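Each of the next two complexes has chain A plus one other chain: chain B in the first, chain C in the second.
Right after this comes the complex of A and B.
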């Protein structure tokens, strides 16, 4: 992120030299080869015709997209969007509070607290999801506590609540880190000044810290929303697999249904949705920064 | 233009391959074999014994679904010699011309196979595959959870009495076995109306389900979170049945279904001589028995049964279903053009 912004600044100041362009070739080549090219293949496949054995024939058709208009697909898409949004909001709220807590600790303790956030993620994703099965399942601690109060045989799994908990757990760190990064650069004296001038806790957050950390929050929103849409293990293991997400749909289309073109079409729709959400965030960032600079000017 | 490129790449690859095999021929037989198999279906002891006897080093990669394996082979240049597709995957691979036809003159011991697998519907005459292990799709239930009631039929999976305590395999073809057979149809149906009726049953069933799970359904049944589950027979199911006296595995009276994973030679396999040697090695009764002794799976090799050390497994339905049950069960074959009806139906079931 910082490297790109620096490059942009450099670009504005002076024209890049030929030597530096040469140095960029390995990077550009790997991005084109590993990122752009596969994307183009998926885009091409989404207009292709599948043969009976899951292969791609050369044809050109829009059928893969028109079929998606069937309500069975839009239902899955809407459900995923809803769950993605919900997960993003929950992650942002908890991520914001956690980041605020970490930032307000002494500087030498902050590294340790961040380490605590990341430690569980040294274990494999699947293993952690299975751990949630144990925690939320009928033999687990939650069922045990409820058992004391006479609610026997209770299991949170399978349910959409378990899915939401699992998603929150998986994506919370990706929300915490960007928010923490932008909060850390806020001058603590701003908060003191606001408090001195009579702002309540809520007021300090609403008028000072929240606006100043908004780039981090918007970044965190993207980083949680986009991968949530592609999740496919959690809904099966924690949710019972009865309400599939777009990720499950793509996996099913590619593997079980041997329908690569349609899987590619769903992937492209998802890609467009994600680009749109990034564009929205970009616009929001631009607006908030122009607003801030204009208010600064009027204040001056 | 594209075809031209593909053709020229093909020619270059063929030249490279032929020159390779040429030098290989001069240098003597292969010293390597690349196997792509289901995880744990060919026990490590089998590979070790093969390497010890022949000096051929075996490189093994595992897959966890036929679809993964097919897409890897379809991508080309996999370098695998032996692959281990399930019955319907054999049909799909043959359709995509990804398997070498087997040269029967190079195979010894094929008469050792059990009659059910000697001339199966998915590969008549065993032109492309040699059956290795087999199993069934049936019902797993916890008697403590059902209050001692014996479960013998698919209808229990559709019975409101067990609402919230039923699990189905999260797999289209598996789900349709129950959906079709509960309506009295064959599990290998290709009839649009029959499949539509099965879809209807599966949609009606959905509110009764705890979920669709083909990952840890055995644990769910053992813990009692689920009373009845559709289940695949095999090692993990047999273990759960063995460990928990309340858990039983049965083939439903409607028939259930049969899967079989066999050995095939991948198209353009670089070490074909070693591949035939490996197939012949695995057809030996005492080696085939290792699939049961070390792998816990039923061997397709009838002559192997006397070499099974734990004779109790021969009567454990989760491993060796009885002959009459096997005769009653349907092979799940590739539905071909009817795949569309299954897919549309299953999408509707999942979205309902």
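Right after this comes the complex of A and C.
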């Protein structure tokens, strides 16, 4: 592109284009009307009083939030928090190792390995879950094998172990993509240099690969932690519904108890947790990037 | 150490495919139970298509998914083209807004829409399902289209305009042919997002508008039948077809590059 044509391009871009702004309206309107405004209504409803018919009466109260401290709710909230954290840590560790494996392969094989992650990722969520009933349920192959060894009538489903396995299976691909994305952009000569300078396997990971892939790891944490707590199918199908997650609580409050204000309060907890973890990740990202730029300066 | 990592990673790939293989294998199992394997049969597939109420939910899901995908793609094309030419202030905010439904927990979006529809007395049905599915498909469709629109040479539409094309002609003759792979990808990804959606549908389906995932979920609560394995195998096949139609390179761009 010559200097003159570039000038023409720049000149054209500076001109305000009303037509292109009009094109944005349907998208903005959809998100505002179907996303943002409804969220404000949930926020409002969380301070409302329920009537006896599943509706809402006027009036403001904090009661829905104080009720969350009731063991009925707090137990589920704490259990979800724990399970969410556990699933996130497991997904991150396994996702990190798998991404490292993929990145270490030749480029043409990386595409195929990614495809192998993409297929289960796009497979219907329910199919991915009930497949584990096929495998682990009573009458399934695992129970059959155990039967040979004389352990008859054993079934992994329903159990919390099955829930953990189902959660890992559902969220592992979600964790792999962002970690792989940031690992891929790491210059492979950095690893070689670190090894040549005598760094051990752990040293290379702790001081080179882990810090440089931290944006992807933090992104993966965000994509795993909050959605895990909102899951409601897995605890029912694989856990027998004995230990509900926040997601089950919300579904029950809205569709069975028809207690909208209480359901709204629980939903707000999920939303606040989401904002808090986003802020935390943002802070961690900022810190890791300033740290990196300051090391760069001292090295220079 | 690297050897141990390789072992673990290979184990992960096996882990990812155990359920998929199990569903496909047991869908052909002549024994009515998963304990034995009594040879191959297509019986469960036949039973599937004879189940009238299941076929009804399949029709509902397909209808909702086609409408959702079409609307999401049209809005997505408009937004992507608008944003590609917009260099003013607030570009980042616009991007954050359109991606918002991807970050907010889907279940919260679902109850939020349910609250709106119950206060405004909109009856739950196909319309509410489409609106709910639209809000979760739109960011995906738009992100796919945006990454393609950003790569378009801005001099091409300008040349078309200079040669006397109307804005509509510029769209049909220049933009659309260039964006076609992304349009197909956006439509297919929105279609699957809607077709397999269970969270939004839990809150937004009404009497007579039960979707296929809701039907599967409710029958799974009473127990797994061989027919459900057959249905699962067909849904896995559908995933494979869609991933291949979208194309591996495009899929990679969406899932990896957009998150880098």
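We adopt the following convention: the second predicted complex is superposed on the first by the 268 of 300 C-alpha atoms of A that agree within 3 Å, B and C clash if a C-alpha of one lies under 4 Å from a C-alpha of the other, contacts with A are read in each partner's own complex, and residues count from 1 in each chain.
We take it that a contact is a pair of C-beta atoms (placed from the backbone, for glycine too) under 8 Å apart; a residue touches a chain by one contact, two chains touch by 3 or more.
Because the structure is a prediction, the values reported are computed rather than measured.
On the superposed chain A, the positions of chain B and chain C overlap enough to count as a clash. Look at A:73: by the touch rule set out above, it reaches chain B but stays clear of chain C. By the document's definition of touching, neither partner reaches A:211: not chain B, not chain C.
Once chain A of one complex is fitted onto chain A of the other, the partner contacts of A:158 are limited to chain B, with no touch recorded for chain C.
Once chain A of one complex is fitted onto chain A of the other, the partner contacts of A:122 are limited to chain C, with no touch recorded for chain B. Shared-chain residue A:242: touches chain B; no touch with chain C. Contacts of A:257 after superposition: chain B is touched, whereas chain C is not reached.
Shared-chain residue A:137: touches chain B and chain C both.
The partner of chain A that touches more of its residues, comparing chain B with chain C, is C. 55, 130, 133, 137, 139, 236-237, 254-255 are the residues of chain A that lie in the contact sets of both chain B and chain C, per the superposition on chain A. Against chain A, in their complex, chain B makes its touches with residues 2, 65, 67-68, 70-71, 74, 92, 95-96, 170-173, 206, 209-213, 215-216, 223-225, 336-337, 339, 343, 346-348, 350-351. If you check the complex, the residues on chain C that touch chain A are 1-2, 5-6, 8-10, 12-13, 15-20, 22-23, 26, 33-35, 74-76, 78-79, 81-83, 85-88, 94, 97-98, 100-101, 103-109, 111-116, 118-119, 131-132, 134-135, 138, 142, 154-155, 158, 167, 192, 196, 198-199, 202-203, 213, 216-217, 220-221, 224, 228-229, 232, 235-236, 239-240, 242-243, 248-249, 251-252, 255-257, 259-260.
Partner chain C is touched in their complex by these residues of chain A: 5, 9, 12-14, 16-17, 19-24, 26-28, 30-32, 34-39, 41-42, 45, 55-56, 94, 97-98, 100-102, 104, 111, 113-128, 130-135, 137, 139-141, 143-144, 169, 172-173, 177-178, 180-182, 184-185, 201-202, 216, 219, 222, 226-227, 229-230, 232-233, 236-237, 247, 250-251, 254-255, 260, 263-264, 267, 270-271, 274, 278.
By the touch criterion given at the top, residues 52-55, 58, 71-73, 75-76, 130, 133, 137-139, 155, 157-158, 236-237, 239-242, 244, 252, 254-259 of chain A touch chain B in their complex.
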